[in-house]
Structure formats: C-alpha cells, structure tokens
Amino acid sequence: EGVSACLITKTDTNPFFVKMKEGAEAKATELGMTLKAYAGKIDGDHESQVAAIEACVADGAKGILLTASDTKAIVDAVKSARDAGVLVIALDTPLDPIDAADATFATDNFQAGLLIGQWAKSAMGDAAATAKIALLDLSIAQPSVDVMRDQGFLQGFGVDLADANKWGDETDPRIVGNEVTSGNEEGGLKAMEALLAKDPEINVVYTINEPSAAGAYEALKAIGREKDVLIVSVDGGCPGVADVKDGVIGATSQQYPLQMAALGVEAIAKFAADGTKPAPTEGKDFFDTGVALITDKPVDGVESIDTTKGAELCWG
Amino acid sequence: MASDAKGATSFEEGLKGASEKVAEFHEDKSALKRLQSWLHQTPSAVPMIVLVVAIVIFGLLSENFFKATTLSTILQQIAIVGILGCAQSVVVLTAGIDLSVGAIAVFSSVLMGQMSFRYGIPAPAAIGIGLVLGTAMGAINGYLVAKIKLPPFIVTLGTWQILLASNFIYSANETIRSSDIQEQAPALQFWGGSIQPGGVKILYAVFLMIALVAIMSYVLRQTAWGRHVYAVGDDAESAELAGVQTKKILIQVYALAGFFCAIAGWVMIGRFGSVSPTASTGQLGNIQSITAVVIGGISLFGGRGSIVGMFFGALIVGVFEMGLRLVGTDPQWTFFLIGVLIIFAVAVDQWIRKAAA
Amino acid sequence: MASDAKGATSFEEGLKGASEKVAEFHEDKSALKRLQSWLHQTPSAVPMIVLVVAIVIFGLLSENFFKATTLSTILQQIAIVGILGCAQSVVVLTAGIDLSVGAIAVFSSVLMGQMSFRYGIPAPAAIGIGLVLGTAMGAINGYLVAKIKLPPFIVTLGTWQILLASNFIYSANETIRSSDIQEQAPALQFWGGSIQPGGVKILYAVFLMIALVAIMSYVLRQTAWGRHVYAVGDDAESAELAGVQTKKILIQVYALAGFFCAIAGWVMIGRFGSVSPTASTGQLGNIQSITAVVIGGISLFGGRGSIVGMFFGALIVGVFEMGLRLVGTDPQWTFFLIGVLIIFAVAVDQWIRKAAA
Amino acid sequence: MTQEPILKGRGLVKRYGKVTALDHCDFDLYPGEILAVIGDNGAGKSSLIKALSGAVVPDEGEITLEGQKINFTSPIDARAAGIECVYQTLAMSPALSIADNMFMGRELRKPGIMGSLFRKLDKPAMEKFARAKLNELGLMTIQNINQAVETLSGGQRQGVAVARAAAFGSKVVILDEPTAALGVKESRRVLELIRDVRSRGIPIILISHNMPHVFEVADRIHIHRLGKRLCVIKPSDYTMSDAVAFMTGAKLPEGVTEAA
Amino acid sequence: MTQEPILKGRGLVKRYGKVTALDHCDFDLYPGEILAVIGDNGAGKSSLIKALSGAVVPDEGEITLEGQKINFTSPIDARAAGIECVYQTLAMSPALSIADNMFMGRELRKPGIMGSLFRKLDKPAMEKFARAKLNELGLMTIQNINQAVETLSGGQRQGVAVARAAAFGSKVVILDEPTAALGVKESRRVLELIRDVRSRGIPIILISHNMPHVFEVADRIHIHRLGKRLCVIKPSDYTMSDAVAFMTGAKLPEGVTEAA
C-alpha cells in the first residue's frame, strides 16, 4: 500500500495553486503515492485549512503540504498534526514562526515585489520621481502574500512603507490609490476604472497577479492609454509571460510552484521511507525555490531573464 | 316553502330604493399632496429620488464625479449586475431567490469561450450554445423548485456550488486571453463595443441592460404572464386556486433567469475582454444582484416591487461605490462606508414612502 | 323590539337538544401509520433520518470514517457553525435573516483579543466586553429592523460590510498568536479544552453547542417569549393585533443573535488557538449558518421549524464535508458533490414529509 | 329525479394527520339545480367541495362528472372541465388589483398586433368589466378600481370573488359561504345572481349558514354532519327548524340512524 | 343618557391614498350597553373600530376613554387600557396551535420555580382552558386541540378568536362581524356570550350584517354610511326595514340631511 499525502492550498481556483496541485499529483503518481488535495474556499480562509488538516490526520496521511492562508493562525493545527506524527511542509508561504513547520519550500514574496519595484523605477528613470502609481491588491483582508508583494514593490520603487505589515497606510503623494481585485480580470478591470476616474494620469500600475494585470490593461485600452502606462505583476504563469511578451505587462516576477510541489512530495516520500526531514537552503531558514524577473526590457542593476526563457520555465 | 322563511328576510324590504350613489370624497389638490399621491402610485420613483440626491452630493464632494466619463464608467460597471438583477428580479417576484445567477453567468461565458477555442465552433454558434445551456441551468433550478417543491434558497445554493465547481473543472482554471479572442472570435466581445458621442464612451452593454429592463418592465406589467408572476409570488396557493399554472410559471421564470444570466456571461466577455473562470461575479453576483433588487424596493417575500426599481437600486450601489472611491482613499474605509450608505439609502427610501402614504 | 325580529330567528328552535357529542373517528394503529404520524408531529426527526443514512453510507465508503476520532472531529468542526446556527435560527424564525453573524463573531473575537493584548485588560473582563459589544452589534441590527422598519436582508448586509471593515481596520489585520494567548490570557482559549474519554478528544466547545441548542429549544417551545418569536415570524401584523410587542421581540431576537455570535467568536479563539481577523467565518459564516438552518427545515418565511432541526442540518453538512474529504475527492469535486448532496438531502427530507403527511 | 347526477361523489375520505375531515361521504348534484350544503362548523363542507374541485385530492372514493370518472389533481383541471369555484378563503392575490384578480388566468388582450404579438393586456376593458360586475352586486363603495385587493374591506373582497365565479359561468358553479361577509343589500344581489346563473342552466352548489337564504333559493339541501352526508331534503318538505335540528344532531331524519 | 360615554370619538378621519375610509366620523359608547354598528360593505365600520382600538392611527380627530384623551399607537396600548378586540381578519398566527393563539401575550406559567425562574408555560392548563371555552361556544367538532389554526375550518377559526376576546373580558369588548363564518348553533352561543359579557358590566361594540341578531341584542344601533355616522337609533323605535333603508341610503332618518 502506497504512502498517503495531503496538499492543502489557499484556494483551488487561482491557476497558481491549480498548477501546484498538478505538479504534486504528477510527482506522487511517479513515486506511487496517493495524494489528496484540499483548499480554502476563499482567499484568506484558514478555517477550511484547519478542517483539512484534521481530515488528513483522521485519514492517516504521512505528510501534509500546506500553503497557509493565515501564517500565524494555522500554527496550532499544524502543531497537533505534527504531534500526531505527520510531516508538515509549508509551501510557497512560510509559517510564522517559520519553524512551526518541519520544513519550508517557498518563494520570497517580498523579494518578488521588490524586483518589479526596482525594475519599474529604473525603467521610468527620472519620471519615477513624479510617477502616478495605482496599486491593485488582492483583498481587504490583506493576507500576507498581498501585503508582502505590495510592500516589496513599494520598497523597490522607493516609497516609504510606513507599517510594512499593512498596505494602504503609505502617505507618498505619488500613490493615487489602492483598490482590491480578488486577483482576477474582472476585479482588475473594475479597480483600474475606479482609479482612472480618480486620476486619469496614472502611469505605473502594480498588480497582485497577472490576471488582474490583464484586467487593468483592458481598462487602459478602453481609454487608449495602454501604450503609455507601465504595468508590473507577480506570478510568471504562461499566460502572464505571454502578456509580457505582447507588451501588456512590462515585467513580472516568476515563481515555481511545480518545483515546490514536486520537492514537497519527494520529501514526504523520503520521510515515510526512513524518517529523514528535508534541510533548508544554506544561510536561510527555508528552502528557497527562487524567483526571477521576466521582462524583455532589462534595466541596469536588476537581474532579469527574457520571455523566451520565461516561457520555458512557466507553469501553466 | 317552509313557513318561517318569509318573516326571516322580510326586513329586506328596506332595500327598496337603496341609493346607487358611489361614494365620492373631496380630493386634496395641493402640490405636496399630489407629489405624495404620485409617489404612492409610482413606488419605483422613490429609489430614483435617493439616486438623484446621492449624485448631487457626490458631485459636490468630488470634482471628478460630475464628468461624463465618470458617469459612463458607472453605467458600464453596473451593466452586468443590472442584467443579473433582471434575472434576480423575476425570481424574487415569485417569492424565490436565485443564488446561482453569478455561477450561471460565469459558466456560460466559459462555455461560450471553450466552445469556440477548444472545439473550434464558430463564435456565433458557440454563443448560441452558451445561451441555451445557461437557460437549461436555470430550467433545472425551476424544475427542482416547482416540481420537487424544494426551497429555492437550497436549490440554488446547491446549483451555485455545482455550477461553480463544474466551471472550474471544465475550464481547468484556464483563462482565454483577450488578444486571442479578438483575433479568432471577435463576436464574443460584441458587447464591449461602444459608441462615443462627444468622446464619451458608452458600451453596447449599457444599452443592452437598459433594453432588458425596459422589456421586462413591459412584460411584467402589461402581459398576462407578468401578472401571473406577481400572483405566484403574492400567494402561490391562491394563485393556483384562481387558475394560474404556478408550476409552469415557476419553471419559466427560472429558465428565463438562466437565459439572462447567460446573456450576462456573454456581456462579461465583451466587458473584460477575456474569458476567466475565476471572475468574482461567480462568487459575488448573487449578493450584488439581490442587493440591487432589495434596494430597488422589491420585496424578498415576493409579489411586490418593480424591475425599474431594481435598475435604480443597481445604479445607487454603482454611484456609491464610485463616489466613495473618488472621495476616499483606503478600500477598507470605502467598504465600511458602502455598508453605511446602503442602509442609509434604504432608510431614506422607507422614510419617503411613509411620508407619501 | 321590532315586529319582524321574532320570525327571523325562530328556526333556531331546531337547536333544542342539539347533540353535544364530539366527533370521534377510528384511528389507524398500524406501525407504519404510527411512524408517519410521529414524523408528522416531530418534523425535526426528518433531517435526523437523512443524517443517519448519510453516516452509514460514508461508513461503507471509507474505513476511516467510522472511528470515534473522526466522529468527534466532525462535531468539533461544526461547533462554530452550530452556534452561529442558533443565532441564525431565532432570526429566521421571525422571518428575518442575519447576514452579519460571521462578521459579528470574528469582530467579537478580535475585540476580546485586542482588549487583553492591546489594552492589557484581564482576559475574563475582555471576554465580557466582547460579549457585550457583540450583543450591542446585534441590537443595532434589531433596532434598524424593528424601529426603522428596514428589510433585515439590507440591514444585515450593511452591518456585515461595516463590521468586517471595522474588524480589519481595528485589528490592523494582525493575528494574535496562539502561544502568546496561552501564556498571557488562557481564558480566551477556554473552549478549546477537551475531555478525553477513552482517548477520544471532545472539545468543551462541542458541549457548549449542544447545551445552547438544548436551551434554545426549551426557550422556543416552552416559554411565552419563544411562542412570541414564532408568532412574529408567522404573521407580524396579526401578532401585533393579538397583543405581542413585535418590536421589542425583534430587537431582543437580534440582540440575542449578536450575543450568540460573540460566544461563537470566543469559541473560535479556543478552536483555532489564535485570534485572526481574516477568519473565513467572517465571509462565509452567514451562508454556512443559513444552510444549516434551511436544511434543518426552518422556513425562511418565518414561523416554522425547530432549532433541533438546525443542529441536524449543521451535522449533515459536517458529515458530508468530512466524508467527502476522507473519500478523497478533489476539492472542486467535493464542492460539486456537496452541492448535489445538499439538494439531495432536502429532497429526501421533503419526500419523507410528504409520505408522512 | 330520474336524471343522472351531473357531479357525483361516492365514499370520499380525506384525512389530515389525526383529523378526519371527510368520512366516506357521498354527494350528488343534478343538472340545473341549486343544491345547498349545510352543516355545523367543521363538519367538512369545505373539504367536500375542495375534493370536488380538485383543490385537495381525496384519500379514497371516486368522483364522476357527467358519468365520467375524473381525477383532478389541481383546480386548473377542474376549471378546464368547467367547474368554477369560490373558496371560503377567496383565493385572491392580495397585492394585485381588483381587475387583475378577476381576470386571473383568463386575461383579455388588446385587439390587433399589440395583443397577438406583444401580448399586451387590455387593461381599460378589464377594468370596465370589473366595475360593471361589482356594480351589479351593489358594491358601489369601491372608490378606486385599481386598489389592491388587500386594501378592500372584508365584504368588498368577497364580492370580487363571487363576481369572478359568476361572470365566468361554466358547467358547475360552487360557492362556499359567498355572503358571509356581505351586507344586506349585497347579499340580496348575490342571491339574485345565483338564480340568474341557474336560469342559464348551470347547476350551483351553495354552502351557507344562513338558513333563510338557503330555504329561499335551494332546490335541495344536502345536510352534512361529522364528515358525511346525513340526508338530503327538499325545502318544501321540512321547516328550517327541522333542518337545523338535523344538522346539529338534535333530531334524526326518518330512515337514518347515526353511526356510533 | 345623562351618563358620559365611556368611549368617544369626534371628527375621526382616515385616508388611504385616494380612498377616504373615515370622513369626520363621530362615535359614542355608553357604559354597560351593547352598541351595534351596521352599514354597507366598505362603509368604514372596520376602519372605525381599528381607529378606536389603536390598530390604525387616525389622520384627524380625537378619541377619549372615560373622559381622558387617548393616543393609541398600537393595539397593545388599547389592550393595556382595557379594550379587547376581535378583528375581522381575526389576527391569528396560522402556524401556532389553538391554545397558543388564545393565550398570545398573556400566557400561563407553571406554578413554582419552573414557572417563575424557568418561565415554563403551563401547556396542559392552557389547553384545558381553551377546550372549555370552545365547548362553551359549541365548537365540538375540533378534534385535536393541538391543531395549528391554519388547519381549522373557517368557522372554527372565528370561534377561537371570539372565545379569546370574551374570555379575557376587560373595559370594552369590540367584535367585528363575530358570527360571519359561524353556523346556526355557534352563532346563537356567541349571542349568549355577548349578553353574558354585558351582564358583567362590560360594554360591547358589535359590528354585524345580521339584522335579526342586531335587533335582538343591541341596546342602540349606530348606522354608518359613507365613512360617517349617519344616525343612532334604538331597536325599539324602528323596524329592521327602516334600519336597512337608512344604511343603504333608501331613506333618510328624520332630522338628518345627507351631505352632497
């Protein structure tokens, strides 16, 4: 009988997590394991995740791969799973404290934001000092990815963050406003329309992910300004990379969910076989699966890869 | 005839020469009274007053609000909710509720997209299939409500989950990109087209919404079918006793709602450019449309209210959202204030009605 | 007396010696008939039957299902929904609806947490403050519904948004860690404690939920206040004419609902260990509790149903969710199947009722 | 009475949980007659006519219309078969107007393309008709023909229901206590209306507690007691006192023994 | 009539949109009397008693109870002041049982700690009382005292409402067409009940379309026409024919000229 493992994602509608699940399933089949997948119902839903952890324990799973919706609140449930002898690996999002999980395979979301912020600043040159920035965030609940990407971007762009654990409290006059998008095209479009009504001169748009970037682009196109506005985003999904190639998005930070998932599944297999737990990357307290800036307009001082390379690495 | 019968009704002789005069009373003709009586007879005008007041206030608060482009943006932002609101209105008038409207809309748009992109069906045919399937989804709701007699809330809660899940499973969470649609199946984006009188862009979708509201308003007031919809919602048992085919009406109503949702799905493609299974309408379309319906003065207990009221309800929400965004900054505060304003709008509405009664 | 009066009622002489016998009919005493008549009089037993069938089926499908720990896990997973369901039940019985239950619960839990951590108030006092504030939030709903006569849907939609936004703003989106609470304010986690008879962990929260259901069941059936709640939901106007203080009852009902929500907020801290403003109960608590209420057979039109039915409704959903998780369906398929099962459960319920009528 | 009954019921049973509303009840209505049904409150009169008009489905027993066995499952079936009924609860949609209610299910459409293609209702025609029918009943106090039915007085509401049934006369007309809430003048008009309908050859079932009215218009009187037909009498053979005595159980009609 | 009226209305006006239900109407009820109110359907009788009992607030005019000006805003106020009313619509909660409805707002609690602390209702006592009251009215056909009111026959339902008002007798009892749906036997019992209540010294307002009943029990008759009091007569001074003629406008009483 094969080893049984669980994958618990934040939601299962975001393509990012869909791909993560596909990667994990592929690896599990390869290793002859059974994998059961669970997800929160909405962004920020940690209660369903607690229920999923409980179900996995009841079901006798050997290990759990978890992308936590609320990095602090989930800690108790993780602890009781670990007490029951289950290996818990945090994927994508580190828990708080990070050692609440047995191991962490993650991207640094702040870093992802930082890269696009730096890129946007350099790409604009002097105009950056008088830029008009629109920030398209995820939800008013401000889950940690949402905050880290947004604050990373602002840091990279050279904006004072005020409280780094919260978006929306910045006082920099260049910021036109924050709007929430739910991370999809519809939300991106509506949010962009509202911000444009507020100030039609916006020329930099940060977006939480590529679908919301595509929505924002439609709004800009509708008023004929799609050419003179810089849109940056995070994720690196295949449609997103194609959008970078087409000039819809200026630059995006690519993550590697398939790799995270595959590594996670392997670690569980190993743990089931001989009880060894995975080790973190040297010098960090987690295993960094890396993030890369993708753009066809590289700037000095910010490392990047082009869309051809990005398309090879993209995840969906 | 029995002996006591005669005496029993003899007092009715007093009826001879009974007055045939119809009561007539002095009618008050002051301007205020006339306004009151007009409001009393035209309840959909009440949300309109709230709307006008809101527009004026926001116009004073933000200089950007009173621009033609802002106003046209508001209209285009409510186009989808307005169409879903038409669907929701007919259902609510029958004392039902449809939680699945958003899911039907999103799933229909995905079906239209996948029909042309996955199977290469020409866009107009794909749209037709999408509309038919959307109608079918609505009809299933109707069947469960009318024939199996399940509560509409539960039926549509169930189909909401079912359709949304089907939507994600069927689409494999894949978005069809705007540029691809533009190249290969531009008919899908039809409603995103616009006319631009004096540089102000007005989407076809906006005209469609207004046309649907007008048509449904006519159908509900001026046709037998419309009166039957009201009768079913008012008191289904009485309607049945009075000879209304309540089951048939219910199935038709839910099917029609499904059809409108499918249209909304088509409009979504035009409006957003792309076809996305994760569109928030799938999750929030029901609450948004119910909000428009209730602010517009349609009773959730059925049988009372007008679809024109729903239209103003949707507009009120649209104006508040846009106005608050222009005035304020933080989305959390915007969210807070929208809550306050919704309650306030309905309170004012109630107050005017009371004053008019 | 007028001359024609006598003849008019003379036929009433026939009344002399009218039978005083009370009609009695043969009663069928077969076992089936008796089961039917029992079901007819105990409608809350119907969801119970559905529940038992569901448990048996999942027991056959998954070997892990029939373990004591699995069953106790299900109970602990529905504890919060069950308590919110008590709140929702009383509101729905008055023909209202409370969309703000989840928001009140989350905000109350945040208030309790912040009272002790931000202002250093001792935990028991902080809990007390949270309970009072939660009750006050409910009372505001009640005031708007009863006094300003706004539709409950709109009022609670508004307060839902307002409270959720307040919750995020006030808490600055910060989660309070479990370990901190354990050290500094363990009273907050009280309901997370458990007894472990034979190694099976049963949370205090589960007992609390059962106790609340039992108390409310008693109150609704056996006290005058409970009968008034039903009367208000059945026909508010008649109840008013018959001498029920409908406004007072409505305000009390919403305030009580707020109180239960605040309790649910406290229980959430025990259950999850931490205090998290982003808890999805804030967003989903209303739909979940309404689902439990409706599956449990309480009519959304008010005045009909029992709170015990709600408890079984919550259990049915809990069993389905856990069962499907154990069977290992993919999350989207789980949503899909839960949708199907919800409809199916209510259809079976309806069918049994019909057979029993 | 060599004629066949137009509407016949045999052994009808209807139980509601513990309550037995109809207990093997028989029923006959002959062509062209006015049949009154009298009985104590709760005797099962309304249940009987509901069974005959398809509003409830009896648990046992059979109903024949013109010799054909029928199985109505809804009042619409009964209506289609020509049975028009005023229920005790009136069956009105409270929020709709008088005209809407009168024409429910048989609305008039505008002539020409507006009616045939756009299916537009002919509201003025319907309102005119409604007003005329109400005036016929002497309900002159209705001030606004567009009033919602829920805002009418108790008697006005009943008048609208009676006018509806009489106006759309068909094979059988059933009236369940049509004058209960009506005034002296309006009741008189209803009795005239009933005679009118019969003169059109349509038989009528009239349920009423008003003995003088019953004895004045009925051809035969069906006395209902404890869920069954106790007997049928002719008003010319008995006095009102007798009828009252039979229906309340003070006396037994000849040849009938009451079951235990 | 040198006594002061116990309940007095002056210049009462109530408008509903276009409809004027009460048009400067006056009203007097004297201690210990049975006052009948008669009038055409829609004349405004129900509106009048609703205004007197706080169920609607009149637009103009004033009401005094025992000489004190009163301003009822809800029927609960009226009840607290001792006015008990059976409305034409009966004001019952359909899904609740007979006993629940009869005791609505004045429930009996168990004796001892169960009642005082746990506020437990004394259901057996309430059911027993309800059954006794219904038997008094001759409503013997009620088979199940726990039946929901919505499952009762029309007459049974009315009986419950009347029993409720009479049982909790207070300063004034108002009955709006209490016998409309009742059978012969049950109506007779209600008339007896009315006399009973009066003999307890409580004055009664009785609205009815049944002239024989009115003339049998009433001390004075208030004739209502087109939203106003047309006149007040004594049953011993006029015949029923006269009363009918007055209320339908066939004749005018002496000394009264009808307004245009």
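Letters A, B, C, D and E mark the chains as written, and numbering starts fresh at 1 in each.
Keep in mind that, in the parts below, a residue touches a chain if its C-beta (ideal position, glycine included) is under 8 Å from a C-beta of that chain, and two chains touch if they have at least 3 such contacts.
Remember, predicted model here, so these are calculated numbers, not experimental data.
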{"item": "Shortest walk length in steps over touching chains, chain A through to chain B", "value": "1"}
{"item": "Topological distance between chain A and chain D, in contact steps", "value": "2"}
{"item": "Most distant chain from chain D by Cα centroid", "value": "A"}
{"item": "Label of the chain whose CA centroid is most distant from the centroid of chain E", "value": "A"}
{"item": "Distance from the mean Cα position of chain D to that of chain C, given in whole angstrom", "value": "44"}
{"item": "Interchain centroid distance [CA atoms averaged], chain B/chain D, Å", "value": "40"}
{"item": "Chain centre separation (chain D, chain E; CA means) in Å", "value": "28"}
{"item": "Distance between the centres, which are taken as Cα means, of chain C and chain A, whole angstrom", "value": "37"}
{"item": "Touching two or more other chains - residues of chain B", "value": "2, 4, 8-12, 14-15, 18-19, 21, 23, 25, 168, 332, 335"}
{"item": "Numbers and ranges of chain D residues touching at least 2 other chains", "value": "17-18, 20, 42, 89, 140-143, 184-185, 211-212, 226, 239-241, 244, 248"}
{"item": "Residue numbers of chain A (touch at least two other chains)", "value": "12, 42, 140"}
{"item": "Pairwise chain contacts, counting only pairs that touch as defined", "value": "A-B, A-C, B-C, B-D, B-E, C-D, C-E, D-E"}
{"item": "Contact footprint of chain B on chain D as seen in their complex", "value": "55, 74-76, 79, 85, 87, 89-96, 100-101, 104-107, 109, 118-121, 123, 138, 140-143, 184-185, 188, 211-213, 215-216, 235-236, 238-241"}
{"item": "Complex contact set, residues of chain C against chain B", "value": "4, 6-11, 95, 144, 148-151, 153-155, 157-162, 164-166, 168-169, 287, 290-291, 294-295, 299-301, 332-333, 335-336, 338-340, 342-343, 346-347, 350"}
{"item": "List of chain D residues in touch with chain E within their complex", "value": "16-20, 39-43, 45-46, 88-89, 139-144, 147, 151-156, 159, 177, 180-187, 209, 211, 226, 244, 247-248"}
{"item": "Interfacial residue positions of chain C with respect to chain E in the complex", "value": "1-5, 8-9, 11-12, 14-15, 18-25, 218, 222-225, 227-228, 230-231, 234-235, 237-245, 303-304"}
{"item": "Chain A contact footprint on chain C (complex, rising order)", "value": "64, 67, 69-70, 73, 76-77, 80, 164-165, 168, 172-179, 271-281, 283-284, 321-322, 325-326, 328, 330-332"}
